[in-house]
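So that you can tell them apart, the chains are marked A, B, C, D, E and F in the order they are listed, and the count of residues begins at 1 in each.
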Amino acid sequence: MDLGFIIAISTMGGLGFLFAGGLALADRKLRVEENPLIGKVNEALPGANCGACGKAGCYDFAVNVVEGKAKVNGCPVGGEETAQAVATIMGVDAGASEKLLPIVLCRGGNAEAVKKMADYYGPLSCSAMDLVSGGEKMCYYGCLGGGDCVEACPFNAMFMNEDGLPEVIEELCTGCGMCAQACPKDIIEMHPESHNVFVYCKNHDDPKTSKDVCKVACIGCGICARKSDGGVVMDNNLGIIQYDVIDPDKIPFDKCRTGAIQRTDSKPDQDINLN
Amino acid sequence: MKTIIHMLVTLSVIGVISGGVLSQLSGWADPLIAEHRQRETEAAIFEVQPEAKKYEKVEDLAFDLYKVTDEEGNELGYALPYEGNGFQGKIRLMVGVTNDLGKVVGLRVLEQVETPGLGTKIVTDPSDKANPEWFPGQFNGVITSPLITVVKNAKPSKDSEIMAITGATISSKAVVDIINSGIKELRSLKGEAN
Amino acid sequence: MANKVTAAKEFIKGLWDQNPVFKQVLGMCPVLAVTVSAENGIAMALATTFVLVFSSFVVSIIKNWIPSQVRIAAYILIIATFVTIVDLVMKAQFPALSKALGPFIPLIIVNCLILGRQEAFASKNSVGRAVLDALGMGTGFLIALFLLGATRELFGTGMILGFQIMPEVYEPWLIMILPAGAFLTLGLMMGFFNSYSEKKKAEERNTIVEKYRQAKRQAETKPLEAN
Amino acid sequence: MSIFSKAKSFKGGVHPSEFKELTEKSAFEVMPNPNMVILPLKQHIGKDAKTLVKKGDTVKAGQVVAEPDGFISAPVHSPVSGKVMKITKEKNVSGFPAEAIIIKSDEENEIEFMPSLDPETVTPEEIRERVRLAGLVGQGGAAFPTFVKLTPPKDKVVDTVILNGCECEPYLTRDDRYMIERPDEVITGLKIIMKALGVKKGSIGIENNKPEAIDVMRKAVAGMNDVTVDVVQTKYPQGAEKMLIKAVNGREVPPGKLPMDVGCVIQNIGTAIAINDAVVKGEPVLTAAMTVSGLGINEPKNVIVRVGTPLVDILEYCGGVKDTAKKVVVGGPMMGVAQFDFDAPVMKATSGLLVLTEEEINNPEETPCLRCGMCVDACPLNLVPTKLARFSQLGRLEEAEQLGITVCMECGTCAYTCPANIPLVQWIRLGKQNVIRLQRERQSA
Amino acid sequence: MELLLIFLSAAIVNNFVLSYFLGICPFIGVSNKISSAFSMGLAATFVMSITSIVTWLIYHLILVPNNLEFLQYVSFILVIASLVQFVEMFIKKVSQPLYRALGIFLPLITTNCAILGLALFIVLKEYTFIEGIVFGLGAGAGFTLAITLMAGIREELDLADVPKPFQGAPITLVVAGILAMAFMGFAGLI
Amino acid sequence: MTTITANPSYKLEFASSPHVHSRWSTKRAMWMVVIALVPCMISAVLFYGFYQLLIMAVSVLFAVLTEAAVKYFRKREITIGDGSAVITGLLLALIVPPNFSLVFTALGAVVAIGLGKEIFGGLGFNIFNPALVGRAFLQAAFPVQITTWTVPNYAVEGVTSATPLAAFKFDKVGTEVSNMFFGNIGGSLGETSAIAVLIGGLFLVFAGVINYRVPLAMILGMVIFGGLFWLIDGTTFPDPIFQLTAGGFLFGTFFMATDWVSSPVTPKGMWIFGLGISLVLVMIRLFGGLPEGVMYAILFMNGFVPLINRYTRPTIFGEAK
């Protein structure tokens, strides 16, 4: 065995030993206690520290996930496997609570709602429109049709239909509620899947006005409220459904003159098969 | 403690294996690499001194210098590897000069990092299909005194003139400057010897 | 999860779906630096693949033996060893190529692609899978480097692998073989690949929406017919 | 106009076409009582007033029909005598529906005023009480209940009262006419305000494009050593409180603070007149003086109308609307509210009614921001409007907050000058709203 | 003067990122916010200066005397990896705020080719000890400059209507390309 | 209800305040820049012949076509009417050498709009001056052709002539300032005649299209930095007057650096931007390998604009200074 060989292995061995010792020492002396979840998430990550997630390396990403500042599927390198692993650690999938669905509580589209005599001029975003005299429709409470909810949907589960109203594709919806947050008129509400009766209107105007501004408004006649044994309560010219007491069979849906109150499970479009 | 020992052993062992493997490998590769280098220099020397058959390194100098001879051992001149700053970084040349240092007989660019497609024409010019190496070729027979000079956009009118590469004046000048200062160095050396 | 993936898929995913360059944006330095020509790109990719495969092999063998505190140091040491091997072999056997790839061979060590695959895959999977994965990633890397190198060479010199492709009148765009050209070409390439997959995604969604609308229209007309 | 003029001013601002010539020579005309008045319960900033009448009641002119609810609120008086038709939600000139009392006028004009007070002997407490009862709100546009401004917190020392006679909004000539026609009442009003606040120094700030008013006011204050007339540069928004204070005495009101924090109280010329009326004549706010102008109206003039008069009546009175009309604005063109319904009623703080044509509006196509920096140059508050608007548009509220979006006073200078015609004010207003909501959530969390 | 030239050369003319393609991964990854980009730059500069010192010592005191030049990659990377990890632990222990601002970027630096590239350049260019340190500082400054510039531009681009397929890495690369063109103007300055 | 509401002959609109707008619009500003370029275009044709019109036409055509194509593929409104693409095309044409290849010009125009502007989202979003991006691309791609200058056409035809800057830099040959002022020199189409540039530039400043700060800062910067080196060594370094009138400095000052989109929005920022360009330019001209660097200096500073904007934000009114 020649000398060069021995020097080489001893140098590398020595360097390795030296730095391993240093790290071992550092590990012992400098250990900082932290949320054990961070470590676990960090373990599950690829560890390439490539920064593709936009965070400063895997550890930082783990911290952000644990603190709720980053999404569990935020690592583009690890792909789905990593995302699932992280999700399992974070317990995101856990929980058997009922899925929420966004319900659009306005049916006053372009064909139904009456427009103001002046045209709106400006940005076509709902929240901006809402600031200028409450939008282009005479109904102050109705859908503005600007599509802020569609924009807000992170899963592309909404679209604006021909009538200028948003629709939800339930199969794509995850119930995150972003659309409801985005609506300046609070028309979109998140409801558990079991709710099946809705008043598709938010108009609080008196009967005459509401009849004038929209064909499908709840005009506040109160017929449904009178027959429902407290299942529907009138509040300021609008029927409000009390979901804990309502019995759908008692509601005279056919008596509602504008069709504002409806039962969803009686609609035949429930079994849409998208596959 | 156990983990510490584990850590120490792990890194050391990997280090030792790595060192061992590489040492063996370099034992095999080093002579080959040296041989390549040697062959390259040799090729360059014979290229810039086409008539030469033998060469010998001039020892005890601050820089490399090769004295070349023909088969009979008659001194033909020198091959001088010399370097200087180009447009973007170092340029290393091998220059062949006659015995009296009055004339360049060949030039080869050993290393350069000039702008691709522009400054790199000091080596080859792909746009000139007939004679891609026109620039280094120009130096064959150029008179070195008092200095080699560069002319732009015109044919050289004197024996000590070189035509610059269009758009790469600086690179062209750099090559000339390197040769000039190399020869100056050699002259002072010879002057001392005399 | 991993068991469901067949061995073939382990290899194929690296080619496109998880292409290290276009999708994962890893190992950018050599990608940009050496792709002045297709030949260099191929050589670089082969060298990288060699290192990737062998270090994956070694790492997956000794994975259970390395304490986590020195994990990175150990992996990178292994990688560096293989890179040095490549470097020495190249210098000894292919001096011209070694000169062209310049200082970028040692930088294979810090190519995050390699360390990333060790951490993400080799250290968690069996030897066979690790090697397959490494081969797939390496091939993906090769594809990317070849594409990039060929494009740059074509526009920058009118040739691919030294064969004249462009007609004689074509004036080469020098910028393509300059650093700026590397950035621009890769950026544009990535963008176009993205727009392709984006388009596919949009089409998929449109069909879903269309189906939904159709189903809804049918649902709406039904009760009318009944009346 | 020129930067070399000696008149005092502030940095930034713009010079929109004034169009004051349409009405600056026309004296106030009193419009006959309308058939019906619509009295919104919220004609001021703060809580709605609480109604005191019900359907079918008969009321006299000057009678209180709604009382204030809380400290920052104001009562509403019936401007005519008549019968309450109904109390319902109605659109008003702010564009949003609000509870309103609708009164049918009986043409009898029975009046019920408060006793008059002597401005020389009246005490500060009496002034405040009278101003509160009379339902006075600021005439500058924001309609802040006046008596609140006359009741500074104990820890704030006020040393100057500034009467705002700038009227920097184009078209409007109401304050100009007030000063020309009723200079002495303006001065009396100012003196009453100074008395209420115990202040020794009064100032009337007038833009230098109103030479006649300056002349008249200078004559009116001749010989007084506690009141001065300060001529300031004609530039929009010179009439904004912060800008006027800066021009008159060089003080800068910090963001989020009130003029009181730098020892100033600003009142509008119209408010001074109203205070004079309330104290000296005992008359509550029953009328609104306003400029009806614009190239789209047949007879531009300055009129005095009953509060609650539907806009349509005023437009008819001024000769009707031309076919070229494009936009109807209540208030000035820079900060007013565009109307979509002529049935909306005039409110206490209404100072102008404009019918604008395409030519005046001049709405170029909207393009993306070109970062020309004109808005930055023009913003009197030194904000960066383009960034604020973009952040607001993208919902990036924290960044908008950092850039001081809440400081913006929506004067419209930026949007006026923007070559790309970006609705900067609209976006910033949205962002402001959202940021303020965010801040509230943060506080409650 | 020579030192100043080395510094400027490394920082601007032969910018590590824009003309040598070193440190591209973090350059693309961590350039979306000015604050983090700047911290990343500082962290890199810090490690670069330490690296230039340690690797110079190792090369000239251990490798060269023993004819072990072929071990340079292995030994350098071992040094860098361990150093980075050590510095990270140290900062984390000593100052949590500093760790938040700077330390979290350290793991990213192990695989930052700019560091190893720097060590190799110092050997290649045969710099003296002092020159090596200055070169390290210059390279760090150049890296910081490039990444901060890019972060500023990307924050601006966040507000722009960039075509969707080009958002993220592609547009960053294009901007880098244009910046590289702009930096070409400095060619020949040194 | 009344005659007014019943009158159907007008359609009202309602919108957010303010309800009036200044006479400025994007379109107007853009076309004013085009007008300001007319003197330069005339001088180009006068000095170099009608072929230059062809260059301009090709450049404008391809710029406009590229913009239209991108907008079409992105399914956006086609906005070529705002004149911005026309300006980019014209500017690019005016900074290439006379008798430049039409193919290269077209390529430059495509790159200018495609890579310089549309990839960032189109008008208003670009970071760098599009025309300069196009020109920098050409410079990098075809370095020889783009530095081949023809002398004005009343000189011997076809002879290439170095620009005054190149002449000074490489051969230490000075050029008469009066020649540079009127255009009797080699150079790019639009930049040879300082007086033509000045006419257009001053028109823009006084019409209020461009802010006076950037040009003033650049000229001041050139006088200061250029003058400093001249005072240090008057033989190696040219005097500031020469620096001001030579090369593309004036053209860059009035038409490139002042580009709204790629220059700062804050007043302080504009000063820093202008001074920065001059500093970088002086460094390149005096110490760099290239004779001219206006393009690089502006592009370089363009990159800084986001940072400049961020750190020179004006103090909000009333905030402690």
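We take it that contacts are C-beta pairs under 8 Å (C-beta built on N, C-alpha and C of every residue); 3 or more make two chains touch, one makes a residue touch a chain.
The shown structure was predicted, so the numbers you read here are calculated from the model rather than taken from an experiment.
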{"item": "Lowest number of touching-chain links that must be crossed from subunit B to subunit D", "value": "2"}
{"item": "Identity of the chain that, by mean CA position, is farthest from subunit D", "value": "B"}
{"item": "Separation of subunit A from subunit E, taking each centre as the mean of its C-alpha atoms, in whole Å", "value": "41"}
{"item": "Inter-chain centre distance, subunit D versus subunit F - centres from mean C-alpha coordinates, in Å", "value": "46"}
{"item": "Rounded Å distance, subunit E centre to subunit F centre (Cα mean)", "value": "34"}
{"item": "Inter-centroid spacing, subunit C versus subunit A (mean Cα positions, whole Å)", "value": "35"}
{"item": "Interface hub residues of subunit F, defined as touching at least two other chains", "value": "5, 11-16, 115, 119, 121-122, 124-125, 137, 140, 143, 289, 309"}
{"item": "Two or more partner chains touched - positions in subunit C", "value": "25-26, 69-70, 72-73, 77, 80-81, 84, 88, 112, 115, 174-175, 178, 180-181, 184, 191"}
{"item": "Contacts with 2+ other chains: residues of subunit A", "value": "4, 8, 11-12, 15-16, 19-20, 23-24, 27, 48-50, 52, 116-118, 121-122, 128, 131-133"}
{"item": "Pairs of chains, among all present, that meet the touch criterion", "value": "A-B, A-C, A-D, A-E, A-F, B-C, B-E, B-F, C-E, C-F, D-E, D-F, E-F"}
{"item": "For the subunit E and subunit B complex, residues of the former touching the latter", "value": "14, 70-71, 74, 78, 187-188"}
{"item": "Parts of subunit E lying in touch with subunit A, wherever the complex brings them together", "value": "25-26, 28-30, 32, 36, 39-40, 62-63, 66-68, 71, 74-75, 78-79, 82, 85-86, 89-90, 92-93, 104-108, 110-111"}
{"item": "Footprint of subunit A on subunit C - complex, ascending", "value": "1-2, 18, 23-26, 69-70, 72-73, 77, 112-113, 115-117, 119-120, 205, 208-209, 211-213, 215-216, 219-220, 222-223"}
{"item": "Partner subunit B, residues of subunit A touching it in the complex", "value": "2, 4-5, 8-17, 19-21, 23-24, 27-28"}
{"item": "Touch list for subunit F against partner subunit A, complex", "value": "5, 11-16"}
